[in-house]
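What follows are several structures.
Look for subunit A in each of the two complexes below; its partner is subunit B in the first and subunit C in the second.
This part shows the complex of A and B:
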């Protein structure tokens, strides 16, 4: 009986928890850029998923040209920076000062998402593409079968999350960003180049989405509508964690994906979405600001 | 003076050209199919198949001297969108006939729209048995093989190659997934297989690894799945990553691995076995000619969707020519037990339930390509007529 229980833990429960953890890291990677853009600019970026897809598409094309995967991890986010910067300066900035800023930016980014999806289809076609998994094979730890690439994802995901938090909370640029988020006018009068900070922060968020695209492409394959995949879950994570809080996104991301993994084993896989979105609804009713506060107010 | 003459001549010529165009009003066929979303690849094959047959029919003088015109609408594999688009092509474009639906839920929903509009429609893709079974409609036809036909062929193969295997079932959570799993479970249990469990994942699931817990707990020898499109790419690669493909034979619905996604699945597709109504490998002159023309036009092999959609235009042509009209009741009468030629041989539309009877094949992936490993006669795979509505 004991042996049976251990075997069950090793073969069924433990892999399920690890699977949930990998999914958690993936969701947090997508939510990270979203939370920064929301926390700082107060822009609900509905096209965030499409920037994630764009990163994946660029990485597939560059890989086909022979660019090694490790270089893509630097190159694609670097290429996404000017794209994000241009989108903020050319599009977001135009409607940013309108009195209905929330609605106009939301609609603008939503429209942009639709346009991008069609552009992907025109350039890359509707069929799925799949880059080779850069790290093949798996290791066995105490009878637990772990694909190496997923282990690597957890590791690099953690590095990216910690790195982003350090940039936002421990650097001079981060301080300027937080100051601009807290009080735009005060920061401007103290000499913070607010417009540049806004565009830069947007570009940084877009670049993070692109990086998530590079990392997740080998796991989930690449196709025009892939941007819709994580976006609902990422928004849920941002809402539950507290809009704009990096720590909140991490805690909520890990918590909600574990709920999904365990619920799919013991209740039914079909119930995971209703449960997770139910948690979001309850959160919005009980504590609308989320687990943690906003970026500019933390 | 001379210039006036040429202008007059040109005007005269264009006038005659106009009259020849207007002498024959086109026969309009609405195509409500997913051009975006997880089933975009399938919709693409539907489009290519219909377009190729339409081009051939028009080049040979059309149907009763009238050219065929296709009107496309994107239904995003979403029944709610499909209903709106079907309404639109019936009411606004005044189409004579409708096809293209992929998602079985869309086919069922659009079937009701067709009934209300008093028009006929056919699916060339949907598998769900209910479409020509308990939810059959006097206005709905299916020219492709349904889940039951595919399962019968696959189960015959499994009883020989994997006798008495324990089978785990994983289907997409909607009409097609539930009915394909139910159909195969029935066929498999009839030939002595055991059931190790079943699970249904939502359409467009980004991560199937969540479902592996239940799969592992069951420890099966065979996994049956009917996910399709991009979903298959994710399921198979994730199975491979977690080492679950070792010692596991994966079999499935004919739409699971196709020309559209086999490249992206790569090595994880090796050994996959399915029962289908069509394979590009069918060795007949008719099929070779079709495959060549399809490849020349689209630079890719046709799959079952492309082939069955191609065949539909000829079925409709045969019915309209027999009826000598595009009138719904007359064409319905002409479709009764209609036998017509397709790239995969003759098919017959059974009058009792509007389901096509056709030879079924068992195919397996070997080195990235499907090869035929078995064949079952149409009469042996078709199963009982369970439609009671007409």
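This part shows the complex of A and C:
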């Protein structure tokens, strides 16, 4: 009886939890950029999923040119920074001061998402691309086989998430970002270059999405609508965790992907999406501010 | 006495009348040329115009951006298809869709209206996503394939009846239903109820001080929008003979938002023109390149930045000016 339960854990439950954990880290990486952009600029970036896809596409193309994976991890986010900066300065800034900024910025980024998705189709074609896994092999931990790349994903993902939180909450730049989110005018009069902070934070968020694209490309296929499929989950994580909260994104990301992983064991996998979105709707009904507070209020 | 809002609504009505004239010419020319493809495309444009109309009631009047209005459109289509498969009656399908629209709108409004702003946009998006996935997974409703085999029906008009298989005939039926939906929306929004919705959009904290309940008004506009979307959705299976879960997906809701922005937010008639504009654009650009989304997307972004009032924002003031001039020259008081 005891052995049966342990076998069940080892061969059924534990692998599913690990799969959920990898997906969780991935979703948090995408949600992190989304939540920083929302917390600071109050902008729902509907094109965030397409920036994630862009990162994946660029990494596939550069890898085909012979650029090693380790270099991509630095190169792609660096390439995404000026793209994000330009998008903020050229597009978001134009409608940032309109009376209903929430709606206009949401619509503008929605339009951008449409354009980007079709541009991907134009450049890279509609069929899924599958890059090679940079780290092969698996290790065995307590009788559990873990593919090395997934272990690496969890590790580097955790590092990036902790690093981002440290930047936001422990550095001078992070303090400026939080000040600008808390009170734009006060921060500006104290000498915080608010415009630069806004564009910089947007670029940082976009670059995080690109990094998630590089990391996830070897696990899931790369195709034009990949951003659209993934962004729903990232939005759910941001809402449940509380828009603009890094800790919230982490907790909600881990929680929701575990719900997804476990639910697909006991109920059919096709029902995990309604469950996760159902949690989001209920959360919005009972506690729209999410589990944790906003970026500028913590 | 006429104020600016009444004048611009009159301008909308003139533009709607112009649209009907154009549609009648289209139907006559189409019937004479024995065309099926373009008439069916125009019919579909009018059906989706109804969905856009419902988005405009929420966005243009009440200031609520719904990213999941396709929920009601798609449910209307499924309800109509199920009804038609049991009893092939046009009026019964429309009536059932209307009644379900009222009930679904009340339920959805009760859930979604607990929050404002971007949260409203996201909760409508989430609700549509949940229901779309449930239908996508339900085998009894055809799952991902949707349901085919919706029978061809005869629309009984008392003196005569029109088959839904007749391209020009069914185009006229859909034109009539869409214009009735427009007329109902325009009438209701021209009453004090409509003015209060505009007041809520402008400043929802002051409205309660005038003695009105903002939540009730908001629910009213939500139910109205949901019902219009459900009824226009009910026409879809009659045209195409099938329904699919895609009707509830985000792309359908997103298209309706694009339609309203391109046509002109808060003008009602802009939703109708926007739907025709978008359909024409898609088929014209689609004949050059398969990447029509790049151009539609750029056009949409351009509209959001440079022409937030859309097509009607450019045209309608001209019509309104002409109407005021006509009114004054007939001895009306300014």
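Worth pointing out:
Here is the rule we go by: the second predicted complex is superposed on the first by the 298 of 298 C-alpha atoms of A that agree within 3 Å, B and C clash if a C-alpha of one lies under 4 Å from a C-alpha of the other, contacts with A are read in each partner's own complex, and residues count from 1 in each chain.
Operating definition for what follows: contacts are C-beta pairs under 8 Å (C-beta built on N, C-alpha and C of every residue); 3 or more make two chains touch, one makes a residue touch a chain.
No experiment lies behind these values; they were computed from the predicted model shown.
Taken together through their common subunit A, the two structures put subunit B and subunit C in a clash. Of the two partner chains placed by the overlay, neither subunit B nor subunit C lies in contact with A:71. Once chain A of one complex is fitted onto chain A of the other, the partner contacts of A:129 are limited to subunit B, with no touch recorded for subunit C. In the superposition on chain A, A:150 makes contact with subunit B only, while subunit C stays out of contact range. By the touch criterion defined above, A:159 reaches neither subunit B nor subunit C.
In the superposition on chain A, A:273 contacts both subunit B and subunit C.
Applying the stated contact rule after C-alpha superposition, one finds that A:175 touches neither subunit B nor subunit C. Within the superposed three-chain model, A:190 lies out of touch with both subunit B and subunit C [touch as defined at top]. After overlaying the two complexes on the shared chain, residue contacts for A:141 are found with neither subunit B nor subunit C. Of the two partner chains placed by the overlay, neither subunit B nor subunit C lies in contact with A:5.
With the complexes overlaid on chain A C-alpha atoms, the stretch of subunit C that clashes with subunit B is 236-244, out of 200-208, 236-244, 254-262 or 290-298. Residues 117, 121, 228, 268, 270, 273 of subunit A are contacted both by subunit B in one complex and by subunit C in the other.
The residues of subunit A lying in touch with subunit B in their complex are 8, 11-13, 15-16, 19-20, 22-23, 26, 117, 121, 126-130, 133, 138, 145, 147, 149-150, 219-221, 223-225, 228-230, 260-261, 264-265, 268-270, 272-273. Of all residues in subunit C, those touching subunit A in their complex are 59, 63, 65, 111, 114-115, 117-119, 121-123, 125-127, 129-130, 133-134, 136-137, 250, 254, 257-258, 261, 291-294, 296-298, 300-301, 304-305, 308. Residues 44, 91, 94-95, 98, 100, 102-104, 106-108, 110-115, 117-119, 121-122, 228, 232, 235-236, 239, 268, 270-271, 273-274, 277-278, 280-281, 284-285, 288 of subunit A are the ones touching subunit C in the complex. Touching subunit A in their complex are the following residues of subunit B: 35-38, 40-41, 43-44, 173, 199-202, 204, 206-207, 209-214, 216-217, 229-230, 233-234, 237-238, 241-243, 260-261, 263-266.
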